[in-house]
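Down below are the structures I want you to see.
Each of the two complexes below includes chain A, the first together with chain B, the second together with chain C.
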Partner chain A sequence: MEIAELMASPLNLAVIVKLEPDFSEGSVSYNSDGTLNRAETKSILGPHSAIASAAAFYAKVKYGAVISVATMGPPIADSALQQAQLISDADSLHLYSDRIFSGADTLATAEVLKTGIKKMEGTGEMDIVFSGHRASDGETGQTGPQTAWKLGYTFLGNVICYDVDIEKRIVTAKRLITLQGTPDVIEEIEAPLPVFITVDPSYRSVFNTVSLRLASVKYQKEAEQRAQNYKNYLKIFNAQQLEVDPKFVGLPGSPTIVYKVERIPKARASRRAEVIDGSDQQQLRRVAEKIHEIVGRVVNQ
Partner chain B sequence: MERFDVAIVGGGTAGFSALQQLSNLGKQAILIEAGKTPGSKNVSGGILYSKTPKNGRVYNVEDVFGQEFVTQAPVERLITKYILHATSNDKVFSIDLTPAHEYQSNFAYSVLLTKLIPWFAKQAGENAERQGGGIVSGVHVRGVSWNGDKTIVETDELEPFEVKAIIAADGVNSELAELSKARPKFTPEELYQGVKVVVKLPEEILQERFNIKPNEGAAHLFAGDVTLDHIGGGFLYTNRDTLSLGAVYHYDSLMENPVEPYVLVDRLLKNPLISEFVKDEVAIKEDIDKSLATQEQLRARFAVSKLLKNWGDLRDQYYSRLGRARLVENGRYKSEEEIKARLDSIRNELVGRYNTKFVNDYVELEYSAKLVPDGKRCRMKKPYRKNILFVGDAAGRGIFVGPRIEGLNVGIDDAVRAANSISRSLDRNNFAEEYMGEFYTKSIEDSPYTRDMKEIDKDYLKLFLDAAKAVPVDIVKARYGIIFKLMSSGMLRGLAVGFANILGYDRLLPMVETRETYVQVPIELAEKLGSHTASTYSCTIPTIAQRIAKLRYNDDTLSHIRILDPKSEFMRKMVVLCPTKCYSIEQEEVMLQHEGCIECGSCAKETDWKHPRGEKGIEFRYG
Partner chain C sequence: MAASTTLPDPRTIMPVRENSTNSANESEGSYRHLYVVVEHDDSNLIPVTLEMLGEARRLMDIFNARYSSTEKVVAVVLGVNIKKLCEELVYYGADAVICVENPNLRYPINLIDTKVISQVARDKVCASKVSPEYSEEFKKPRYMFFSADNVGRHLSSTVLAELESGLASDINKLVIEDLEIKHEHKTKGQLARYEKTLEMYRPDFSGFLWTTILCLDNRNPAIQREYHPQACSIIPGVFAPLQRDPARTGIIVDFSPELDQADKAVKVLNRQITKSPVDFDSHKAVISFGRGIKDSPEDNIKLIVELANELNAEIGVSLPISKRPYSVREPVSSLYMNSDRVIGTSGRKVAPAVYVAIGVSGAMQHIAGMKESGFVIAINADANSPIKDECDIFIRGRMEDVLPVLIEELKKQKQVMEVHK
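Take a look at the complex of A and B:
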């Protein structure tokens, strides 16, 4: 994209996404010890990354935003970028791929992503960066906030919807706050751009005018076209091209390490199940009798 | 508030034709459809005709969508055979009505709307975008209000918007007709209730069975004892690799003597001729040996499921010329013989190793229902209200004269006329009733289709009578004998038709559309002239619960229907006449469970009936 074009856009957005194992039925494989068999399991764009991409698409439809999607991962992670482009109609795709990035914890990952986002900015400023709520294979929920901190952006978490006042350069957002023992609360907040948004799983874009619906159809079609030729939009950076400090990335840049994973043993069930084959009337009658008996017992109590 | 020139409400064949035509004329139009995607809520019989009447002109599908329709549209088969069967028990007397079917016809295709409508939507949508319009799906229009010269459209999902004119293509249960008070709801006397099942049948087996060439198709109609003494009949149309089998009855005839709609379809399936038509090879899984270890039982269960799926998929491909070619082309098989060998080996494994049985039965894919307005009785005399023009089913238009069954093409003709009328009004910025509505009314009145809803066409009648020539005059009851005699001579026929048209359809129809015509005469014909038919098996017919379980819904927690009087005679009949058994009686009052509703509108007359909110409700896969 030309710099002039980038400057002309009212909003510059970045989305950080992750390639994750597909945990849906039929796609996932486990080793005999119960750990995930990564080689046999298909990888897809993480479900929370998909929601983040959809949140960015909202600004594309509403404000004509320019979107860049970025991920750190092996070369095959470009499929996550392709899927994110299909959802967000991204204008450019960035893959940060280098052997020295491997073994990174969340902080080292945030370093790579931050450097990448800074590089995307070019002469303009990145207005909003989106990330998912958390990854489905890591569950830390840290990469987003840490990237925000490294970028020095205002961090808005658990966002369920947002709007931007382009003139005043202010974002308004609703955050869902779930506290145990109290009713859920929705907080409305306002912050000056730039901001970093992590999207709540319940986020849903609402296109509530005819024009927005028509625009969304138009951009969806564009997204389908683009995603078919996603390689034309793809830029791959290694550590050198990204100009990251090797001290802060990969294993050397990771202050934490997962050294042991313990499985939580299953508690023994206190109930006993009886299998009744429902293939004939007789058997079904027994099911009815059982239900009758149990309901009767509960009622009598 | 946002403004657009034209809003089209409803994405059926008429709605999309209107969008295409307006866009062709360079006008801005948006089409609002409640279904999640275009086509997901459309049901038809269905055959789509293109016609060239001898007097006057009609607008055909290819006039609107271009020759691409003929070369690209996902239609099913070109219908080249049209046969009427009179039935009584196992006896069937058949009359070939192909010449009547071909009368003034350029072509007629069998169609499945969930496949065809998305094609219309793609063409019209792209065209509309160029004019600043487009398609908005998943949105339900709930109101229109007029404020001075402003027309405001309200929906369940979007902010209100302003338009200059509206085309109501929202079907037989048009909410726009009701909220604009353009017409009262249709009465049972003005409607047909149709129910349909789509049956699976591999392509080449279908072609061989119906003795048709690739891409060609057949239509079969049924009357006689299969009607269970109601006024109407059955139909069976061949699609590419499915059959559309259905029953269409005068709704008042069903009200008089209520019977569950699916029972009428089941009755058709029990007829030996139809049983043989739908017959296919079906695998029946044998129960897994319970004495085996649990692991082994599971393994066998998975293995059988996988083999059955492979067998079914491969068989569908094998019995399709293109399917076979594809398998060989992509290198999966070296030759057609190899595919056959593989198919046999899977079958042998299933039989030999897992005791699977292969029997004759039929495979039902989808159950659906729809009300059809009888254009002879209920077409709107003034198909407009303020700046809303009504088209197709919404305007109560369709041609149903004996074996002549046309609805889709009529809607397309209306849509073009409505689009042309609105285009003219946009040019003059005049949307007054007397300028736009009256112009549209006149255009509709000029349509040969409207003429066919008003009077008998003696040339069509001649073709029909010629086809029935084989019927000895003295075989049917005296009254019909005289009619046949009269109609068989050219001069007398002219006189008789002239006299009949003087009487008009209003007085004529109660004499012609009777049990005698649809039930007794066909039974007599079959009894006296028919030949015996036999079926080698009897269909395992699914229960209504099984049929509903196969349908796909996006449940709406809010009901789109509200009962007005739970004790009314009409509502009590709905307990029987609702095609998906949404009604039941509890403590003398009729209760509704809306979750299984397939939105046919059979209960609309005495309920507060709306279409579900955007994206909610039934999603058909065949339509």
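Take a look at the complex of A and C:
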């Protein structure tokens, strides 16, 4: 790459996002047995994908980064790209859509995303790729790290904030580590670019100077305009255009299968509840006494 | 797009369960043992490690009896000053421990840990020290366990990407079976026998459905591939550890990884213990709420906060609430409807003296996070709600009606108590 080009775009970023069921009231629909009614539930950009998009926007404001957003999904998944563009002010949107991709497990999904990101690199090395913490429907959290590994990028998970030293090509980041039965740890790390970052749900961008805040407003306005005409930024790739090997994507490329889905049997009752009528003040008085008795007793110990 | 969100087509999958042991497998011999990736915090074992070892021991005891074999439970531990950990791992059920002592492995860093664990998984010499009788054709482990926390979840993903095999996440039940499978892609529609297959059960986000994931070789000649190890990440707090038994013996194998400069690219600059603003451990009472707040979310949260203030309780939520299903004004929304407050397998485990579940249906994942509480009170309008079997007092009624009365009673009694003092 020429020096002039480097100056023009100091950072190349990609964000991988997902179209997911919208769990907000009015959009989500549950079956009578408490399971999700997928047919009736609307879809949106996943909340963790939205945070990943916001993390990329931070680098646009701070470093003038060039951003590409990518997703694998059916044609309607372009709406997730549009929503991600509105958040990130993305310069290009990439949809990987082909019937043969459907039914993919995380490894076969990562194969498509890796191939797509490699294709983006035709215009220059990628510096940082972002993904969300996990999807709110699948909830595996595997696709991001598996894409990172296939790309050969250093994987940094649970990132709550980051900065880039453009000259040294180094990223510094803080990550939140929570393990069973131990106090939470915030770890500060540094790694050379390129890196793949999954953002923690607690990630927040902080624009702490006037010039950053002004730049943020400017790019937000640009993002609104771009998102209105998002199709101008959209490139759609099928399997052939992406040049993926059909053996490694979709169902044929998935090591795992879903063997069966069943209702979780009701566990044996672990306690025997005394049932109280909520409209009976006398009874509720007794409950209040019981609570005071326990909490009070513990206090006195 | 994950496998777990795709429902199986009943026409393509026809399970037949049997318990016979013969009929040889093409890949038999190449894949042996169950490797458990150990998690510890500077030499203190994380409980899930012992839970994984316990379940691994139970599964492999049944396995070896059924298949007349001697495959091992192998713990893999990385770190600094970990020698004494290795013995502990044997006391808790490991037949063998692969010990990777190296100054670069002090803290969990995905890049280097993935390299090392993948090397261990492919190492024939290690495998022959673990078990000489199976060293000949060893390629990779048969099964592999990781913990489903925010280190193990990522580590399992990258290791299995490197080993090019299948991974199921957040598992809470495991069974090993011989299965007859007919699958459009895996078997080209033919019936095929898959021996010693790990059935990995995964509760979905609702807590009501169990999805069973299998990792299967492609037997279809057009896409033929072997997928081993069959791997999963395991939810902390689900399986029971074995009793510690210092009489148990096992083999400890030292492993020196091959590392280059690039593997050491990530540097830890600083580590600091942080306190979440949400603190379940130092409160005697915890109050949680769920989707039952839906009729008037904002007013109900106000009532819940009032009750919490009255009892000096911390406030928790069920998983669906952290997805912010209702529009509630700020700062109430960010303060209470967030993932930091989730109680259950996707969040924290709590055990207060008093636990009050308000409008919580009682999905399995939530119960796992609160079942060790002292006294449990549930308030729910639905008398058939599963939480009824997990509480000591079940108050049947709408929270809008119950809470104001309960708060009033608590206040009155407190005044009486103060007068008595």
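We adopt the following convention: the second predicted complex is superposed on the first by the 248 of 301 C-alpha atoms of A that agree within 3 Å, B and C clash if a C-alpha of one lies under 4 Å from a C-alpha of the other, contacts with A are read in each partner's own complex, and residues count from 1 in each chain.
Note that a residue touches a chain if its C-beta (ideal position, glycine included) is under 8 Å from a C-beta of that chain, and two chains touch if they have at least 3 such contacts.
Since the structure is predicted, the reported quantities are computational estimates derived from the model, not experimental observations.
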For A:Asn208, select first, second, both or neither according to whether it touches chain B, chain C, the two together, or no partner. first
In the overlaid three-chain picture, which partner chain does A:Lys218 touch, first (chain B) or second (chain C), both, or neither? first
For A:Glu188, using the defined touch cut-off, is the partner it touches chain B, chain C, both, or neither? Pick first, second, both or neither. second
By residue count, is chain A touched more by chain B or by chain C? C
A:Ala288 contacts which: chain B (first), chain C (second), both, neither? second
Touch test for A:Ile76: chain B only (first), chain C only (second), both, or neither? neither
Examine A:Ser279 and indicate which partner it touches, taking first as chain B and second as chain C; both and neither are also allowed. both
Intersected contact list for chain A, partners chain B and chain C 277, 279
Contact footprint of chain A on chain B as seen in their complex: 2, 4, 30, 125, 129, 133-136, 139, 157-159, 161, 287, 290
Which stretch or stretches of chain A touch chain B in the complex? 208-211, 213-214, 217-218, 277, 279
Chain C-facing residues of chain A, complex: 18, 23-25, 28, 30, 33-36, 47, 72-73, 101-107, 109-110, 135-146, 148-150, 154-158, 172, 176-192, 198, 201-202, 247, 251-264, 266-279, 281, 283-285, 287-292, 294-296, 298-299
